[in-house]
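One chain, chain A, links the two complexes that follow: it is found with chain B in the first and with chain C in the second.
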Partner chain A sequence: MRNSLFILVVSLVAAAVFAAALLLRSDYLLFAGYTVLQFVVLATAWNILGGYTGYVNFGTAAFFAVGAYTSVFLHKAFPLPVPVMVVVAGAVAGLLGFGMGYLTLRLRGAFFSIATLALAVVLQTVVVNWHYVGGSRGAYILRPPAGPIAGLSYIEYLFLIMLALAALSLIAARAIECSRLGYGFAAIRDDELAAEANGVPTLRLKLIATTISGAFMGMAGAPFPSYIGYIEPASAFGLPYAVNAIAMPMIGGTTSWAGPLIGAVLLGSLQQIATVTISSAVNLLIVGLLLVGFVIVAPNGIVGLWQRFFGRNRTSWRPSSKSTASASGSAASSPSTPSA
Partner chain B sequence: MVELDLVLNALLAGLLLGGFYAAVTVGISISFGILDIVNIAHPAFIILGSYVAYLANAAFGIDPIVVGVLALPLFYVLGAAIYQIYYLSFEQRGQDSLRGLAFFFGLLFITEVGLILAFGVDYRYVQAVYMDRSLDLGIVQIPLRMLVPCLVSLLMLAVLQLLLTKTFVGRAVMAVAQDQLALQLMACDPVRIRRIAFAASIATCAMAGAFLIVIQPIEPSIGREYIGRVFAICVLGGLGSLPGTLIGAMLLGVVESLTATFYGPSWAPAVGFGLLLITLAVRPAGLFGR
Partner chain C sequence: MASSSIRIEGVDAAYGSVRVLEDVSLDVRAGETVVLLGTNGNGKSTLIKCIMGLLKPLKGRIAVTIDGTAHDLAGLTTVEIVDLGIALVPEGRRLFPRLSVEENLLLGAFRKKARAALADNLAFCYEAFPRLAERRRQLAGSMSGGEQQMLALGRALMLAPKILIVDEPSVGLAPVLVSRTVDTIKELKERYGLTVLMAEQNFTQALRIADRGYVIVHGRIAFEGKSADELNNNELIRKFYLGL
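Take a look at the complex of A and B:
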């Protein structure tokens, strides 16, 4: 499928979703849908770095909160329309991703992951001590009842923005996947040393990935304060964002754009249901258990399972020499096995 | 003008805190520093240790540190079990980097949420004879609730260092970090050695958890603050060296204590993480690295 066709399909699906949301006229569904869409953006953004290049970011909440607090700051300093705030928040979070990557990406992957954990706590401490944006007491954002688009309530307007962001992130993820950039990312993920030796500019590519990934996370956070109406550091920097952003691609499958989408829609909806029917603590426990279960049992997620059972070429992705030796035993009999 | 006794008290409190941090970090120095297993769930197991100490103390009135010692075998078995899952699912398949990290992140999350479900988010504390006393040395006061964990922690570090350098298994643990193949040629199963070492690293959580609940009241999500601290200390001390860990821990303890004294305790959590970020950016091999 070509890119333009993909863009068309995504836009049509998004339009259909929005039309359905308007027709249903249910505030709860709109709220739940917004949360799921927000996770689609976060999971896709996480996957651009984590799934494509193999660098684990534990600091999704930090980037998300930077986006959210950028819009709180702008709201207090000089109020702008939400789409502009989204762009500014994306720029700030992207810059943060770039700086973060520049400091730590020359080291082994594990250090990057640990540093992202550290980043979340440092930024949370800064925000707690920064009274202009509310400090630890949090900040209220009063949203107007009517949105700038005639006929839409403000909530519907924000829903539309998040829907557009979700569509944009999916289009970007797929475009990256099919481009030179995506092949470079995949080379880094599979064997960074070999990629470097073959002339792939690994540091530059990794910096591009952290920047894009961070920018999308920040953009997902920007409408959040207006949507909820109130924001405080403990919830904006909450671990659930980080866990979900990792669990959703892992459960869906990390190697393609479809994985995070599937994971976010499934897990996001499941959580909305579990929060209402059971309790919010139990629903987080479910996410944790699913994450651990999937990484152990189905390392390539739902997409991987699908490919294994229904795919045309059933070559599973396995980098280890031991298991590829046993797997290629069956594959070697057929002469055309595209492994690269 | 800064008052001298304020500085002295802060310095001393920092050193005592550092002794405790060494106990918190020594497990990571073994698992991350020596075995190269990025066990970010380590602090969550420390909190688990605190709750074990809390339960035994509340039910039977046993001294929390004694509970820590008694719980060592329990945590050792837990560690061995976790390593076995980790080995079979990730190391053996050769995909330990990305998915292994996600695995430990999931464990961290499950432990934390599980503790919240079981105990709620109320702060818990323990009773012991030395809790409310302190040594008064004129210009400085040493609270026993800081001194006792610090001393026991130093003892634990000394024992571990002896085990690592003098016993066969300990030396095999050091060797497994350097050359697994050579270890196999010595008729020594590297997987078994790694399992022992990882189990020992989790076992230290029983002690560290007991120290933690003696020093401060705890609630389940407190462990997250320690992720940055332990990795900062571990990196500062130059991955996998116990004396380095001790020095790194003392350094962080002093810096944090001074920050809390002069800028207010709300900035203290950022110190460890900030130090970690700076170390990673400037000197990733640690203070004494090659």
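Take a look at the complex of A and C:
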């Protein structure tokens, strides 16, 4: 499927979801749907680094909270419309991702993960001691009843923003996956030294991954204070964000853009259902049990299960043989592709 | 036509405080196949890492000539060294196991220069290794050791290199496959006019295709053979350095 076609399909699905949300006229569904979409963005963003390049980031909450506190800061300093705050938060979190990548670039495996965990702890301490954004008391952001778009309530407006972010992150993830960049990421994941020896600029690619991944996580956090109304460090830097962002791609499948989407919709919905039927306290229990189950039964997630039964089918970044032959100009042999 | 060579002068290298190479000098002249002989832990792979820019030598000079143009490799990154046309077949093959055969080959042509002739090089690879064409959709990790070694060679050829560096092609292969791999390296060398540096501990197999060779012991060049025969007929080397 071409990128443009994929963008069209994602946009149509997003439009359908939004239309359905408006027709149902249920505030509860909008609130729950917003949370699920937020996890779609977080899981997709995590997967760009964790799934594609194999660097497990335990610091999702740090990026999310940086996005959230960027909008708290902006809200107090010079209030801007939410979409602009999303962009600024994305830039700040992307910069943080770049910095984290640069500082931890020599660390691999568990050492990298521990460093990302430490990042969350450090940033939480900073926010707790930063009184301008509320410190440990937290900050209130009063949500106006009506959104800036005529005919939409504020929660519908926030839902629309998060829906757009989810669509954007999926489009970006898929574009990366099918590009040369995505193959470079996969090479780093499979064997970083061999990738480097093949001329893959591993450092640059890792920095690209940490920046994009961090930026999307920050963007997911930006509308959060407006959505929840009250934000404090312990919840913004909460463990559930880090755990969910890892568990959702793992359960869905880390090698494809569809994995985090499936995992986030499945786990996110289950958690929303559990919150209203049992208690939100069981949310992490559900995640843990499902993760254990999937690691045993389907280590490659739902997408992996699908590929096992229906075959693996990936589009390649390889340009068509026609265009490369004319570009090469060498008349050594006719560039006919050998038959399989 | 092959006018690419390697010149290594007085290289020292270490991992942290562990000294591995001491005053290593070595020459690979244009169009030659030079073998670097030595048992495990003597510094063969370390020297190769130094050439590829994966490890910075403490002192000494590594220079290459590519098609008549001289380049000092000091200060160049691995990516820049690859761009010069130096391809490495790493020890233990180190394929991308969860990618398909074709994807592995395409990653061999990750550099812009190599991409320009991608279709031609891919056709060459499949012609040289028909087995890879048959298995292009298979995951690299699921192939046999011999096929994986072919793929590792093919991946290096995707760069259309001038200098091919092969690190221990015999690792993990059955004797018959070792001999076949060594033959393949010779064939490829002749066909593409490559200059080859091969590190190997299988003395007899390596000398079948070598023009010259060096024996490396505890990080020092212990013996330089001006010809394969000279190495082959030196009883002392066979006995003390190689344990044959």
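Rule of thumb we're sticking to: the second predicted complex is superposed on the first by the 310 of 340 C-alpha atoms of A that agree within 3 Å, B and C clash if a C-alpha of one lies under 4 Å from a C-alpha of the other, contacts with A are read in each partner's own complex, and residues count from 1 in each chain.
Please note the rule applied: a contact is a pair of C-beta atoms (placed from the backbone, for glycine too) under 8 Å apart; a residue touches a chain by one contact, two chains touch by 3 or more.
None of these values were measured; they are calculated from a predicted model.
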Partner chain(s) touched by A:S113 [first = chain B, second = chain C, both, neither]: first
Contacts of A:T104 with chain B and chain C, given as first, second, both or neither: first
First (chain B), second (chain C), both or neither touched by A:R25: neither
Chain B versus chain C as contact partner of A:I296, first or second or both or neither: first
Touched partner set for A:A197, first chain B, second chain C, both or neither: second
Chain A: partner with more touched residues, chain B or chain C: B
Chain B versus chain C as contact partner of A:A186, first or second or both or neither: second
Touching partner for A:R2 - first (chain B), second (chain C), both, neither: neither
Chain B and chain C footprints on chain A, overlapping residues: 189, 318-319, 321
Residue ranges of chain A in contact with chain C within the complex: 180, 183-184, 186-187, 189-191, 193-201, 255, 316-319, 321, 324-325, 327-328, 330, 332-340
Contact footprint of chain A on chain B as seen in their complex: 32, 38, 40, 85, 89, 92-95, 97-99, 101-103, 105-107, 109-110, 112-114, 116-117, 221, 224-225, 227-228, 231-232, 235, 266-267, 269-270, 272-274, 276-277, 280-281, 284
Interfacial residue positions of chain C with respect to chain A in the complex: 52, 54, 77-79, 82-83, 88, 90, 94-99, 102-103, 106-108, 110-111, 114-120, 122-124, 126-127, 130, 133-134, 136-137, 155, 159
Chain A to chain B touching residues, read off their complex: 50, 54, 56, 58, 103-104, 107, 109-111, 113-115, 117-119, 121-122, 125-126, 128-129, 136, 189, 239, 242-243, 246-247, 250, 254, 281-282, 284-285, 287-289, 291-292, 295-296, 299, 318-323
